[in-house]
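Next, two complexes with chain A in common: one pairs it with chain B, the other with chain C.
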Partner chain A sequence: MCYNPPSSKYVRTNEGNPAVKLSCKQEELQRALSHVSRAVSRKSTLPVLANVLLKTDDSSLKLAATNLEIAISATIPAETDQPGETTVRADLLTEFVASLPNDSVKFELDTAGQSLALECARSKAHIKGLNTDDFPELPAIEDGQVTATIDPRVLREMVGQVAFAAATDDSRPVLAGVLCEFQGGKLTLAAADGFRLSVRSADLTEQTGEDMSIVVPARSLQELARIIADQEEAVQLWVTPNQSQLLARSGSIEFLTRLIDGHFPDFRQIIPQEWETRAVIGREDFLAAARRAKLFAQSNNDIVKIQVQPGEDELDPGIARVSAQAAETGDNEDAVEASIEGNESQIAFNGRYLTDILGVIRTGDVALEMTSANAAGVIRPVGDTEFTHVIMPMVIGSS
Partner chain B sequence: MGTSTTQVHNWPIIGHESAVDQLARAVQSGRINHAYLFTGPDGVGRRTIARTFARALVCDAELESRPCGTCSACRRVGEGSYPDVTTVSLESQLASSERKDSRNTVISIETIRELRSSVSLRPMESDWRVAIIEDVDRVSRDAYDALLKTLEEPPSYVVLLLIATEFAALPETIRSRCRHISLEPLSRPVVAEELRKRGVADEQADLIARLTRGRIARAIELMADEETLEQRNESVKRGVEMIGDPLVALAEVRRLADVYRRGQRDHVQQEIDLLIGLWRDLLLHVAGRPDDVTNIDVIGELTSAGPDWRLADIQRALEACYQALHDLSVNVQPRLALNTMVIQWPEPGNRG
Partner chain C sequence: MKQPERTIIHADLDAFFAAAEVRRRPELRGKPVIIGGKPGGRGVVAAASYEARRFGVRSAMPISQAVRLCPDGVYLSGDGSYYRELSDQFRAILLDFTDLVEMVSVDEAYLDVSHSERTLGTPRQAAESIKQRVRDELELVVSLGVSTSRLVSKIASDMDKPDGLCVVDPGTEAAFLADLPVGKMPGIGPKAVERLHASGVRTLGQLAHMPLPVIEPIFGKRADQIVLRAQGIDDKPVDPDGGPTKSISHERTFGEDLTEPEDIRRELYRLAESTGRDMRQKGLQGSVVAVKLRYADFETVGKQRRLLGPTNAHQEIMPVAEKLVEELLNTRRAPVRLLGVRMSTLTSGVLQLSLFDQQAQRQQKLNQAIDQLTERHGKGLITPGNLRSVSQQRSESREDDPDTYDRRTGERRGRDE
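Our next item is the complex of A and B:
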């Protein structure tokens, strides 16, 4: 054995052969990049955050990006001769790879010059890289660390039904988050923006960690839901011991988000326990009526009024009138069939809140529960006790 | 080694001993205030100290040897790429703004709100989330209220480092919620010594120390900024000629008036400030305080322009310069204001 001195101080591995060679499939690379580039920072002043980290290991290529709020990484199979890493501009690499034919992509990474050469079919390119030293250190889930596992479809549906209700302004940071409560094998998500509250529970596939509550930025959770859309494997979730980050892994994709500090309001207190009037309405009819009313409500603070009227007998269950009016535009009214329990009643909601919630319910019928025109209304899917939505009413005249 | 060192810290900071001592002790004892306010003139080293404090908080080394300056965390804080140390300033606001053309004169409420929601996210790599807020004197009125909210109830892991020029100019509500660290200009020999250590020749080191008046960060900046130094030398040379010869002065202010009309008002103001500096030097020299002279490299030429400068004349010249600055600020015709200035200056050939 003879000792070969390193040819350059930047070369960390395999002295005498500084270039790392690697090949992978264009299709897989493109899919991985499309996931990872969701975490690329758009407005950061740090060049390295506009980059995607490329890291080769035995037989894989790991791609990662972060905007310091979330981080996404994806691993794809690759043939490689030695480990190496660099970062290159994410937008350039993503668009270049997307434009390539579905063939094998060959990389050559010059670790000393931080330059990445790509070759695919008849195309080749050199992309200038940046040293990986400035790229943040991202923790990863290790085996045995999992807090809980959940079906990706379930998690995706839950996020879709809850995250939209989180606050979008920065006035109370904790309300820009979604409460995630792990308790006794169940996950409950809750979000509220001061005018509405959405709560959804579901069984976890398995809960291995202790019961706990964390607040995840709504944006981050929506991003997680998006990237697990095409995943089949169960999503493993891990909350770091200091409860600073939530990590998720499904198949070859890993996700990280920082958590929000602060106390989430006790949402269970906000949900009305009783009702005076309960209307069961076909979801699609209700949604169509709400969308029409919203057109007219636009120039009147989005006020959409719902009047429910019980029927005369069993054969005539009742009717829900969904209406809006604006002094300058005009007015409309839809009469939707509804079965009403309790007294005649009316309530007004922000039209957007109404279409938001009706758009994410999956059952055929929804129940609208009211106590008075000035008290919060509750909307639930009929036949599903795991989902509750509360909307504060808008104040309307006594007419 | 197990022996205790005589120095309590190893911070790479020149001067500012008591401030550094206080901060280093806070790091070592773990008793960190949730907000610190650094005040002092621009270029005195406020940012360097704040950043070094941030490094010390997130450094990977043992408490006693923080900041080590070599670990990944220390290095990335320096580069501005460490996830748990955020800096907000007019500069960062402009860089992240979509409207690059907008006038970037105050720190807006949006910027502070964004910071607030950013620090509500728990740390990523360290135990702390450090936010350095520069230009606190330039925070808009609405944004002060938003900043106040953050100062009032920050999450437990947050350390806010505010940087401003004047303590007294800040609202009481901000001042009372921060540990105040006042940074004074360093003495001239300390600055000159540091410049010499960095390879600047004796004479030049002395000159830069005088020009920057104890603002060490500005001195180190200027040391490497040949273009600015060259411009300064030319301006000073011109200024000396103006003071020595009324005809040169009249020709020169004619040029300045044109420059002013073309909109380069700041440049003209700087030129007048420089003239004020030269007259001031002359005054100090004549009054027997040669050691306080700023433009030491030209004081010989200045004094030799006339054999016996009188204090009263120099004072009149200074007053004329200040009057010109004022006149320009209230939109007196620039040519008139500047001519009036030099006409009131004493003539070197016709004194006494």
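Our next item is the complex of A and C:
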């Protein structure tokens, strides 16, 4: 991650005052730590990255952590007599604070800066610190810099419907990311691991910056979605001018991630525009059938077969048979009611891809659109044009 | 439930390649014969006659070292098709004794002759008649181990080599193993031996009584199985089909240690290509790519990675293999003596189509065409432009390519047990 070089910021106190004193509420401190510790580096050659940065200013305490991929900071109200900062082991502080009663927590930061004294109810502790010299400088969103603003619930849902389709290996780094396209007041997220593509659009509350596309690591985006879960306030997004980082802010939480440099494939070209057969199926029935089939598909390459059969007339719209079989374990089939347009057809998907997508659609019905057994299948929520999912089928190889 | 007692024979041809050469060239009898390449070449010893072994020559030793130990030896580069022919005849003899014959390599097989006393006599008698027929019909010598399990028979066949016959009676397996050094057990390599020695464990008898927590750091998940095996317990059946193929691999020792990245890439490509072709021939696809790298000083390292989905296209295998080798070389950059590519977690016949450019389908078609051409005209006809020099290099190094006749073909290009 590209940070500004750390400035010299030894733990400092006002001269004459031997220690920085501070108090805050255990409950708030615990919540802030649980957010921030998501960004703590589990294994790093830089010891300070296993630490959480504590920084007091006026009437607040700011906590921050980074693993150089993402950074998270949270600010909570605190009473303090002077500014000061240090870093201490994140795991120790988090677990210690979590074990304390819901009371006021008093801090005292030793002038030498290498020790933090804590007191809460009848407990007290001293935690050794590292000075903040080596802790990376984290950019923050300044007023007037915001690229776009979005409702946290909308963003969370979008990420949940798209990020899982990103690649989990790094053979093509750009595919481990989610394309975020800001265009004309709309945000479109797209991810594809090479075998499936998930695309979801939604209106931004406001787009203040120019139209642009960035690629955010899928894991970072999922982390952002997680930490804004309990936020009410709109999420402000800011892409740094050199497009190397994305910052997000909601309420007292700030989030930063590095971006993936690279050209995301033209996903619109991948989405089939026509179909031969379209089956509309109740989402829950379809999902349950797919889950059952997946059990049997497990020992046969996860192949789940879907056969759709148009009905005789208006009263009998048709049926979708979801099945799997494995030589060693056995076979199963679910017949799910479906209304079919077009011809009888069949296709086979990786069962996991099927349950993944059916699990994140919110509408009651989904449409499965097919052209042939060896061409992409499209799954859409019925009544929602903002979400499209494409899955490539599995075929029996000819050799 | 206690399993009914079995009688398993392990049959291992003595110094097979060397003996095969002596068989068709009697003038070599009594001479140190070493198969695996000409002196000056850089292959490894695939087989050495007992006369050569007296000089200290061993299988898998570099030819250069063998030449130092035994400068007057007869060095031959081997004749894979001749050995395979003999191997087939060997198998045919074994099949006269039981249908349950599992060839684990060209010169090594397990036979399950349980409950055949009426037709074959006692296990010892059965083993003796195998020995006799191999001698009479093939003019080869086979060493045999007989016991109630594959494991004990395997160790037993090695006890009195050459021309060995060692019968371990039912119930005496643990006692038979007890005094043997831990390194005798298949699956315990030199590194594990070193660590066992460090913990004061030298014999299989000691290992058999070690508490799991002591040896878990050495063997990990295999620890409990290792202890059982040290006690002489192994119920793995003899599988005539050889069991399902677990992995497909190719490896190669080079004529000269590789130092240039483009040479390493080129050789890696060859190996990826051969591995892909083998998988395609068998109608298999693999999900895990592993590479093996041996440095000039024989330090051997490996690394593996799971792919997004199964493939048998070398175009998919190559970039991952390349990356893995790069990572290994980043840890230690030194001349490379051997490279290997292995695909595992194999599945058959299913193709997950790709979103982009219909890549997988196109690759499949391309590779089918390459395979047909390779069948007709031999390897190396078609290579990507950026690796063009492969075809020229290939003819030079083909001679000491151990792939063709390595004694452990089972490990090299077929199955890992």
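By our rule, the second predicted complex is superposed on the first by the 380 of 399 C-alpha atoms of A that agree within 3 Å, B and C clash if a C-alpha of one lies under 4 Å from a C-alpha of the other, contacts with A are read in each partner's own complex, and residues count from 1 in each chain.
Here is the rule we go by: contacts are C-beta pairs under 8 Å (C-beta built on N, C-alpha and C of every residue); 3 or more make two chains touch, one makes a residue touch a chain.
These figures come from a predicted structure and were not determined experimentally.
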item	value
Superposition on chain A - do chain B and chain C clash or fit	clash
Partner chain(s) touched by A:P317 [first = chain B, second = chain C, both, neither]	neither
Partner chain in contact with A:G359 - chain B first, chain C second, else both or neither	neither
A:P173 touches, of chain B and chain C: first, second, both or neither?	first
Contacts of A:A376 with chain B and chain C, given as first, second, both or neither	second
Contacts of A:V390 with chain B and chain C, given as first, second, both or neither	second
Contacts of A:Q243 with chain B and chain C, given as first, second, both or neither	first
When the two complexes are fitted on chain A, the stretch of chain C hitting chain B, from 330-338, 348-356 or 402-410	330-338
Set intersection of chain A contacts, chain C complex versus chain B complex	169, 171
Touching residues (chain side chain B, partner chain A) in the complex	72, 75-76, 79-83, 92, 95-96, 98, 113-114, 116-118, 120-125, 155-157
Residues of chain C that touch chain A when the two form their complex	280, 283, 285, 305-310, 319-320, 323, 347, 349-356, 361, 364, 368
Residues of chain A that touch chain C when the two form their complex	167-169, 171, 192-197, 265, 270, 301, 303, 350, 374, 376, 390, 392-399
Residues on chain A engaged by chain B in the complex (per definition of touch)	43-46, 48-49, 66, 68-69, 133-137, 169-171, 173-174, 176, 217, 242-245, 258-262
